[in-house]
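So, here's a batch of structures to check.
Shared between the two complexes below is subunit A, which has subunit B as its partner in the first and subunit C in the second.
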Partner chain A sequence: MVDSATQSGTVSGFFFGIILKFVFALLAVVKFVRSFYFQSTYRVEALTLSPHKTPQIIRNDVTKLSKVPRHIAVILDRKQKHVEGGGVEGLLSDVGEVAAWCIGAGASELTVYERTGVLKSLPLQDVYNAIEDRLRMYFGNSSSATFKIFNRQNDGTKSLGPSAAGSADPKLLINLISESNGRKLIVDVTRVLSDMVAQNVTSPKDITLDVIDRQLKERIGSEPDLLIMFSSEIDLQGYPPWHIRVTEIYCSPANNGNVSYLVFMKALHAFATAKFKLGR
Partner chain B sequence: MVDSATQSGTVSGFFFGIILKFVFALLAVVKFVRSFYFQSTYRVEALTLSPHKTPQIIRNDVTKLSKVPRHIAVILDRKQKHVEGGGVEGLLSDVGEVAAWCIGAGASELTVYERTGVLKSLPLQDVYNAIEDRLRMYFGNSSSATFKIFNRQNDGTKSLGPSAAGSADPKLLINLISESNGRKLIVDVTRVLSDMVAQNVTSPKDITLDVIDRQLKERIGSEPDLLIMFSSEIDLQGYPPWHIRVTEIYCSPANNGNVSYLVFMKALHAFATAKFKLGR
Partner chain C sequence: MEVQTGIFAAPLRKLAVGVLQQGPVPQHVAFIMDGNRRYAQKRGQETKEGHNSGYNTLSRILDFCYQVGIHEVTVYAFSLENFRRPTAEVEALMEIARTRLRQICDRGDLVERYGIRINFIGDLSLLPEDVQETCRYVADFSRKNTHSILNICMPYTARDDIAHSIRTIAKNKVNSNEIDESTIRDHMYTAGSRPLDLLIRTSDTNRFSDFLLWETESRRTQRGTHIVFSKSLWPEYSVFELFWTLVKWSYSAE
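So, the complex of A and B:
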């Protein structure tokens, strides 16, 4: 089946191949120099390895960025119970860490997507306490790390904020979402709108992109500026599809699923250096 | 503002940093060996550089894969006119190349997403002829490279297939889609369904995920198994959001936007070695 054209391609391909491999070697060297540069620019190792968690390190890293996302979304996985950092406890500690990094970086909204909805099924007070404990490791008892948490359900949102009366606006809003806030939410909104049509509250021709957009945002919040995946492959896992049209998506092929500050900083770096996207 | 905890972190961080940099050097070597291996496994250079385009090379590459996607989607950009491979001609030649690779690889459906819809605005016969010309470079005049092309509009699809009467089923179905098949299609479907509710054809509670899914698929085809981006950053550009829930998404950070066989093969390789995803 191998004809003569393929044969001659094999011979010339061999020599071209050697040249190409040389180019690939050069690329690998360039990549190494770049990662070396990244490591020296940001004090990633200091935060990862230092026993003293301090927001100052994050703040120092962030000042090197030309812009910081206002709204960050992350996709988290519950790891198996017997693994280090696994189970619900591991997941809650991941949420707390990311929340601390977000406050440190100056983002004001964080959306946590966990496909199965295990976070949303926990008592909201438990989630709140777990995050608060984690933030205390970074910020002490200071009032600079206040937050409000939202359990996003398609038929209504429960929230929990700082308990002290008369306290200032929280520094970070945290949305908990899951697979049911994805396609199913679009179905629910379609049903709500057609219900309104049936009751003559609205007419089909008044159903516009803006109307649907508003309905969806009311239920799960605004569109994130940056979506961070900690998996090595791009896997949206059913993340609310409507909401990532102009979102910058970051995935680190070198990462193995660990929720690490290195990946977080790399994502922020990519966001700051990304080209302007149409529609943003 | 730098307290003593940060200072001690700086010193210990320095030594830890050296260790980390050594690890990164090792990773770069591993990466180089892997890319070397990839280049030798697949005859990428042969097809890219050989003057004889032959489907045999693609077929040889594909036999090394454990599975091949049935439906492949690609996001293509129209490059500026004065650039090599730019303008509408460059775009059409890209579509033809990808179609040839798909047929060579044994995929049976190809969805081409071009955000602005320039492909859909061309006379369908012109697009058909351009693809046919390109396929002839690979397959000659053989009947092994027949295809049918669909211009997907939200209010109806135009199609064009092999002209000879009584010809066999086409080898490849090609869908042309654009930004208007994205969010706007969901709005249109919502409007259609609420219209049906207004006319008492259906009731709001009968609007289920399956109903919406069917309505959407009727208009833009099935969900792709693999979505290939040729940009260096993950950028969905408004790709129909409903349709990528379980799609494997591939993006090559090393690529610069060129529609190359190397990226195509890397994507197929990633698809074949990807973990099983929930819901697929």
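So, the complex of A and C:
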């Protein structure tokens, strides 16, 4: 069944082994040249991009696009403490930056996935304040950058919004999620539904896709239109599987964990040019 | 079935297989075969022609996969959403299922050559009666094969599979304290398949489109899933491109 000629001879195996090593070496060279090329074009592009800490410039970048996602998700990593932009501090400033870009671009919902849940374990007020500080650097004290933040727990969500009573709807909703909102949440929902069947509250045939979808949405929000990774390779890291059904996924091989405005803009650009068709 | 060689002539392909076998080989590879219609459009053909070309690519790719020693291949043949396509196109796809599935079971063809067991993943009852019958025949015919596996997802969506699993668990009255991730996994259509090593989607579309959402593993786990978005349309997807993707997988797995 398996081609015997390719498996048998140790002599041919020896030669094939050498060729494979040669191909690996070739691949290493290709990878090196590619990353060098990517990084240099990337630097040039970053230079042509004007300093962006003003909302007008983000808006100018966005007006060229035919459409902008309503709901953006990002996967963020906590970097080691001693590196620049590392630790929880670095993570919080990344969240603040992305939130500012989202508001500037006109998205109305942002989901931040951090696998370990370190953001969710912080006092929500601290996270809120850190984001607010960061937004002030972009928008000043104007009320154009209001937001509401949700700490998504499978058994109940805590939220924090603008404090002034009677203020208008917040510009951006921010969901904090982690690995425990992924497959574990589907397990939790299965338990709830299965208990309901056991107690004759509902019957198995009523557990439709829509019912499950509603249960999951209630707990961690809707499916994002665009998911941005800042790593050089695609890794969902356990992102809630139900929620990436038709999400546009963006990942730049030129980037290496850097939460940069350039990657964000490139992702928006890819989203705008992607053709959306489902099944049809 | 004629195996078209593309740019990879037979001796060259043998060389590629021999080389790949010297390194680690993924055990489970999945394909989203997207781009048949755009391919037909580009060449001014009927949609049906695009799907036929797509089928030829599939047989070429499968042949290479099993030759290299990939144990399990999963293909997204028909999505539940595809029922919304024009009737003529759905019928053309069903016709491919009717004729080609029996054909690969012929003497000396794919199933016999690589000892393939064919599994169907999805709710077959939604298909036309005669297609269901063909599927049952093919599954039955290949049941005893143990060397390789071909999972054909038809008609399938990942959300439907998860929902189907949850429904079955509730129906079986599993004690809710005993439900965990493996319970859900075990009640899915894809239960029993190996961890997914590589997922390849063609036609420059960076989405899962409701395919193997649960099965895609984080790269942080021991055997994470590599996700590859190819720019080629499926009928243009070449053995060489697959070879290169497998080399890359092998390189990072080593």
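By definition in this document, the second predicted complex is superposed on the first by the 226 of 280 C-alpha atoms of A that agree within 3 Å, B and C clash if a C-alpha of one lies under 4 Å from a C-alpha of the other, contacts with A are read in each partner's own complex, and residues count from 1 in each chain.
Going forward, a residue touches a chain if its C-beta (ideal position, glycine included) is under 8 Å from a C-beta of that chain, and two chains touch if they have at least 3 such contacts.
Model, not experiment: these values are computed from the prediction.
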{"item": "Subunit B versus subunit C as contact partner of A:D126, first or second or both or neither", "value": "neither"}
{"item": "First, second, both or neither for A:L193, with subunit B first and subunit C second", "value": "both"}
{"item": "First, second, both or neither for A:P204, with subunit B first and subunit C second", "value": "both"}
{"item": "First (subunit B), second (subunit C), both or neither touched by A:D169", "value": "neither"}
{"item": "Touching partner for A:I212 - first (subunit B), second (subunit C), both, neither", "value": "both"}
{"item": "First, second, both or neither for A:E233, with subunit B first and subunit C second", "value": "both"}
{"item": "When both partners are placed on the shared chain, which of subunit B and subunit C touches more of subunit A", "value": "B"}
{"item": "First, second, both or neither for A:W242, with subunit B first and subunit C second", "value": "both"}
{"item": "Where subunit A meets both subunit C and subunit B, residue numbers", "value": "1-3, 5-6, 12-13, 16-17, 20, 24, 27-28, 115, 183-184, 186-187, 189-198, 204-205, 207-209, 212, 233-238, 241-242, 244-245, 248-250, 270, 274-275, 278-279"}
{"item": "Of subunit B, residues touching subunit A in the complex", "value": "1-3, 5-6, 8-10, 12-13, 16-17, 20-21, 24-25, 27-29, 31-32, 35-36, 39-40, 43, 45-47, 49-50, 52, 54, 56-57, 115, 182-184, 186-187, 189-198, 203-205, 207-209, 212, 233-238, 241-242, 244-245, 248-251, 253-254, 270, 274-275, 277-279"}
{"item": "Residue numbers on subunit C that touch subunit A, as the complex places them", "value": "14-15, 17-23, 67, 69, 79-85, 113-115, 147, 158-160, 162-163, 166-171, 173-174, 176-177, 179-181, 183-184, 205-210, 213-214, 216, 218-220, 224, 226-227, 229, 247-248, 250-251, 254"}
{"item": "Complex contact set, residues of subunit A against subunit C", "value": "1-3, 5-7, 12-13, 16-17, 19-20, 23-24, 27-28, 115, 183-184, 186-187, 189-198, 204-205, 207-209, 212-213, 233-238, 241-242, 244-250, 270, 274-275, 278-280"}
